[in-house]
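Two complexes, one shared chain (chain A), two partners (chain B, chain C).
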Partner chain A sequence: MALNFFDQFMTPIYMGIPLITLATLMPRLTFLQPTSQWTTSRFSTLQSQLLNSSTYQLFAPLSPKSHHWALLIVSLMIFLITINLLGLLPYTFTPTTQLSFNMAFALPAWLATVIIGLRTQPTHAFAHLLPESTPPLLIPILIIIETISLLIRPLALGVRLTANLTAGHLLIQLISTAMFTMIHTIPLMAMLTGTLLLLLSILEIAVAMIQAYVFVLLLSLYLQENM
Partner chain B sequence: MAGKEVSIAAKALRDVKLGELGAWFGSRDMSPKGIISAICRGRDRYLNKYIYVKKGGIGGIAMILTGYVALSYVWEYDHIKHDRWRKYH
Partner chain C sequence: MLSRLVFVSGTHLFNLFLVQASRGLHTSSQCLAPMPPMPEHGGKVRHGIFPEELFQLLYPKTGVTECSNITFSLFYMLGTGLLVYLLSKEIYVINHETYAGLAMLSVIVYGVKKFGPQVAAYADQLNDEKLAKAQVVKDLTLNSMTESIENEKKEQWRTEGRSLLFDAKRNNVAMLLETNYRERLHMVTNEVKRRLDYHVALQNLKRRMEQEHMINWVEMSVVSTISPQPEKESITKCISDLKALAKTSQAKATV
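Now for the complex of A and B:
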């Protein structure tokens, strides 16, 4: 039945607890705390290097006032990257395939940037609704369009992450089902499909990391506009 | 090394005899605080043994991931078992 391909996005309940709880709590186990060792272990060094470089990358173009957001944004990024990568393991559940999960991150953060912009520099915030040097005839239409694009940002953020991950997981399941079915009848086609599956898996690992980074980068851009 | 008598509560689990297991279990702190501190101690032991070492290998994190995959499988076994001999997927 066609329903079966979407079963991977359901959360089975075991002993009263849905699987999404385990999948959301699991990334905490993979985060290492700073220790009191002077020369840290390989993993601690690797983690702190990655975090420092990505924090620098994200916050270099932002004003010093917005550096208060560093903890929130970088922790969100590392959480999303870990969740996405853990979802590529067999039998695991990826919470970011659920739109509700992603909207819970996107909507409050976007709304916070908009409210900060309107409170601290309202003129500047409204000025974003009209790009420079537009022909006067187009001004009314453009303001409407820019307002719509502003209001649709949280939806775009959430749906982008959801759609990318859901599509990737579905593709992996479809292609592996095809390969499984063909391996007895046409082994050559099955091998070609297997190569495709390998390339797709590499793509999915990249997409998992890139989508989380893009989510957080866009949030930092909205923050840069408004602060 | 014969001689020293230690109370059951002070023994580590590996020194407890099979017959004393019930008494040992009863003497442990089973309040939520006790359970959480036991989990934290276990986690610290694992991390100090496999992760916070100078030249850690892939084994430390691989064990965590394998345990997570196994736990996920157990969690959704009731859901997955219908897929086994289904003719049309």
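Now for the complex of A and C:
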């Protein structure tokens, strides 16, 4: 039994192997390899359909030059969705609850979009710092504010994902502990808590998928701005 | 580097880079080609996870009836025993994670039971659309082939009647030639007749002119020889002749 609720977020190194590496590599096994069959199985068809539709959704508003990022962004999305969903099972570890893990995705990608914007179209990139038709008095303040908001983007991306998942996992732990403790003393309250736990599970499944999609959607938006 | 070239040569540049490939093409019998056909349905499972074959292990020994399936099937016996062992020896500890896991499991099972058939139907529909597209292409090709076969047969039938066509054309041409010949003949005749008519008219004109000239000349010479005296004599003679004639005619008339 865990001593405190934060032991689920530990990243131990067991016999020289950091276990987070295994936890990061395992979800890849749930994907199917592309086959040379023309009519594929149901799972394979659905997987390809999911990938194609999400790629189209993400990249339809983007210019053709930025379609080079498609592989990176969609594979990131699938990776994050799988990791998040697998972490909802009991006794599993979710790497995306670690801030370092998420910042490692957010910071380089955001920085790449900013550098691309500054290199290819610097005037256009700087123009994003000032919204259209602002009153002249507000211009200096607004530029400072917009710069801060630009610089805080990678932090926001990483922390959003981390916080959502960590909070969700903690909530599940808390409510299931409450249910576990109360089931011998006040079974009725335990049943109500159980209902709450069910609803929370549904929410957590939704949050796991939505947060990954939002991460990737925001990256594509930053890309659209700068390319 | 070599492996990349082999890959490249294997896909679509067939023999272009074969010189540097570390293995040739088609040197061994092919594996996984042609593709083995995909099974129609997935493997049968019971309770969603356990394959049906596990339950069939001791059927030859234990036999199958309605209740013996549950009580005496090896799988259920072993499964129940294992579960009870894990729980009673606290190898699987029941703690708060169990409840979290139960909640998640019930959500998953509910989702699969409720939306499973719909998702499967959607996947099948995607595959069917793909097949239908290919089928349309195939049907179009077949139809166009059948049409072209029929057209070919029709052309063959048409060539049988080509001798009739040639005869008709030959007759046509002969008629045209004949008509043309006759026209020219007609034209020639007309032209010759015109020229002859001209000569005839010329001769007629000449004779007439000669006649007129002669008449005029004779008149002129006669008139010139008439002097006034013979003219008076001839006129009185004429008058007396006329009188005599008038008398005879009067006499005839009264008679």
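FYI, the second predicted complex is superposed on the first by the 224 of 227 C-alpha atoms of A that agree within 3 Å, B and C clash if a C-alpha of one lies under 4 Å from a C-alpha of the other, contacts with A are read in each partner's own complex, and residues count from 1 in each chain.
Definition applied: contacts are C-beta pairs under 8 Å (C-beta built on N, C-alpha and C of every residue); 3 or more make two chains touch, one makes a residue touch a chain.
Bear in mind that the values here come from a model prediction, so they are computed numbers and not experimental data.
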Partner chain in contact with A:179 - chain B first, chain C second, else both or neither: second
Touched partner set for A:7, first chain B, second chain C, both or neither: first
Touching partner for A:194 - first (chain B), second (chain C), both, neither: second
First, second, both or neither for A:39, with chain B first and chain C second: both
Chain B versus chain C as contact partner of A:90, first or second or both or neither: both
Touched partner set for A:19, first chain B, second chain C, both or neither: first
Chain C-contacting residues of chain A that also contact chain B: 1, 37, 39-43, 89-91, 177
Interfacial residue positions of chain C with respect to chain A in the complex: 32, 35, 38, 42, 93, 95-101, 103-104, 106-107, 119-120, 122-124, 126-127, 130-131
Chain A residues within the chain C interface of the complex: 1, 36-43, 45-46, 49, 88-91, 172-173, 175-177, 179-180, 194, 197-198, 200-202, 205
Of chain B, residues touching chain A in the complex: 43, 47, 51-56, 60-61, 64-65, 68-69, 71-76, 78-80, 83, 86, 88-89
Contact set on chain A toward chain B in their complex: 1, 4-5, 7, 10, 12, 14, 19, 22-23, 26, 29-30, 32, 35, 37, 39-44, 86, 89-93, 177
